[in-house]
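Each of the next two complexes has chain A plus one other chain: chain B in the first, chain C in the second.
== the complex of A and B ==
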């Protein structure tokens, strides 16, 4: 039971990371590798402001990550719009590395550490089963954020415009959708989602180094590809699947857990062979993917 | 005094050595429906693209009620009162018909509440209630064209530009389009610019017809005069659609 809860918890965390990436991809067709550094900066902020109440610390981390996301859009991606996906991709690589090095200069190369929400690392027994508080809190946070995102995407004007832009950004713009505002909003939301991921990760592992957010970002990218890169639901589902499978593999492979990534990517290859456009893709979307 | 109406004056455009438009001037008065005819390659789509801000002209100017639109992006032109439909429909297939139509209204900056009201009224006047909850990707070609038209109408434009709205429609669908155009004219009261190959449709729907041939405006007058004009007929020689009228 604990293994399943852990898998759901990790799946949820990956779903949040994938959702942040998927939002930006939807409006810009940009695979934003620098999303990793948004996760990292939020974790750094929570470590540095560990003396403050948890909520204030988290809100500060969200604010910093959202502002950094908007800044990267304004300073770099906006200037490169229309230059083609390859250039945007390379720019995001460059930005990612540049931010990592900046963090190294600011915070040092060695991990910065602080116990963020130490009460969450405890566990309790219920009905003869052992549960860690962090897993339950992570699941609760994930469900709350996914519900909030579901409301935003399905029920608000911004959400409708985001969905339209994710389908066909050019037509959305031609209809009068304000592209700068929409893209800025997507980046800001992706920053906030990154801070939620940063919070969950830093509770589990309070050793924050400049590459803190890299691993989950790469796996979340795998998730949005297998879920369906042109759909936010697909991105979240794909992220969840990757996290879930990885957690289950780590639990049940025992000493062979070193091969967990191999099995994960084997599963990814099989999924893509069966559904090249991703699990939630439709036939007519495959060309766009 | 401000000039009421939409005007494209002395528009020129060349792609390399090919002069696609040569000093083309065209006006649309408020509530007037103007058709643009021309054989393939005449420059119709280029003119639409220039008017709607998709590509810049080499020379000339575009104004709406006397205010110049030159240099404005398509989204700004949309908010200035110009809406267009697309030859390929360009609906958002993963959104419902109602959501597609709402986007037309939201694009011009109205509140969600007003957009919902406009969406509801557009759906009602164009008789699309049964389609509203369906995904746009599931529509027939004819219905998709109507929804594309509805989406443009929901912005309540001053001027509505339609790029071959009858393309691909079968014989039973064209009368429905004509009916929709009449309804829009009656209920929205915008000026309309209708570009199509279907001479019958243009003649029936429009107050005035302009004809382009090899980038030059060769005729501007009533539909009846256009059908009787020798130069227009000559420009269309070999065009099955025009020939089919007679």
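== the complex of A and C ==
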């Protein structure tokens, strides 16, 4: 039972990471590798401000991640807009590495650690079964954020503009959608999503190094490919599937867990063979990409 | 004073020049037709006026103020809307959501509701099919949606790039009669068309564009003269 809850909570965390990536991809056709560093900076902030109340510490992490996201947009991506996806992709790689080096200078190459929300590592008994508090909190946070994102995207003007821009930015602009403001908002939200991921990860693993957010970001990208890059729902679902499978594999493979990634990628290949555009893809959406 | 004044407009894509000095002006409440063969630069002209394609030289004035160099999202707020070629409605969004997006470019948000009511009166299908996915509408209905979506921004000048594209003749007549109503309500209109007869008979004057230049200006009288029309359209010797 705990294994299932763990898998759901890891799946949820990956879904949040995939959602942040998918949001920026939607409006800019940019695979933002530096999303990893947004997760990393949030974790650093939480470690450094661990003496403050948890909520304050988390809000600071969100603020810093959102500001950093906006800064990367203003300083780098905005200048490269319209140069084509290949250049943007390379820039995001470069930015990712550059930020890692900056973190190394600021925080040191060795891991920084602090017990963030130590109460969450405890466990409790329910109906004769043992659960860790952290996995339950993670699931709760994930559900809350997914609902909030669903509301934002489906029910608000900003969400309508995000959906329109993701399918046809040119026409959206002709109708008056302010491109800079909308892209800035997408980056800010992706930063906030990254801070939630950073928080969840740092509770489980309080050793924060400059590459802290890399693993989950790459795997979330795998999830996006599975779910279909053309919709946020697909991205979140794909992220969830990857996290879920990985967690289950880690639990049940025992000593063979070194092969977890091999099995995961095998599953990815099979899914893509059956549905090349991703699980939620429709034919007309595939043509666009 | 002209509501829209285009002077010696030159534009293109990268190093490729497409328009070589186009000039015209549009008076308030007037309609202007633009015809010409494929690749003449008609759509490029529309995009350049709307701010989607950068000008290489020349100018565009809306009600006396320059709009050249402004972004499309700002141009629409100043009162010029483009219904792009191929309609470009958001097929995955509902009819109502498409109209809501159209409101983005509206300056006076307080009267948004009236604007929606007005276009729903003009195009009743937008009311009856409000919650339909726009992609489910027929071609003619989609064109109505595209026009309505531009109208809710309350433009002083409405540009339409080939509104008849892919529509049956009777549907085209419907669209043009709606355009008559829109002009009567005080909006000035520029219509790009492949169907030279149709637009020449409709508009107060019609420009023939070929190879990025205005080759001739026609009046509704010329629409009756088949030979003159052909000659102007295809060039001397046709």
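Before moving on, here are some points about what is shown:
Following the convention adopted for this analysis, the second predicted complex is superposed on the first by the 289 of 289 C-alpha atoms of A that agree within 3 Å, B and C clash if a C-alpha of one lies under 4 Å from a C-alpha of the other, contacts with A are read in each partner's own complex, and residues count from 1 in each chain.
Please note the rule applied: a contact is a pair of C-beta atoms (placed from the backbone, for glycine too) under 8 Å apart; a residue touches a chain by one contact, two chains touch by 3 or more.
Just so you know, these numbers come straight off a predicted model, no measurement behind them.
Looking at the shared chain after the overlay, A:163 reaches both chain B and chain C.
Of the two partner chains placed around the shared chain by superposition, chain B and chain C are both touched by A:171. When the shared chain is aligned, no partner comes close enough to touch A:205: not chain B, not chain C. In the superposition on chain A, contact of A:179 is made with both chain B and chain C.
Common to the chain B and chain C contact sets on chain A are residues 157, 160-161, 163-164, 167-168, 171-179, 284.
Within the complex formed with chain A, the chain B residues making contact are 52, 54, 73-75, 78-79, 84, 86, 90, 92-95, 99, 102-104, 106-109, 112, 115, 137, 151, 155.
The touching residues of chain A, when paired with chain C in their complex, are 157, 160-161, 163-164, 167-168, 170-179, 284. Residues 50, 52, 71-73, 76-77, 81-82, 84, 88, 90-93, 97, 100-102, 104-106, 135, 149-150, 153 of chain C are the ones touching chain A in the complex. If you check the complex, the residues on chain A that touch chain B are 156-157, 160-161, 163-164, 167-168, 171-179, 231, 282, 284-285.
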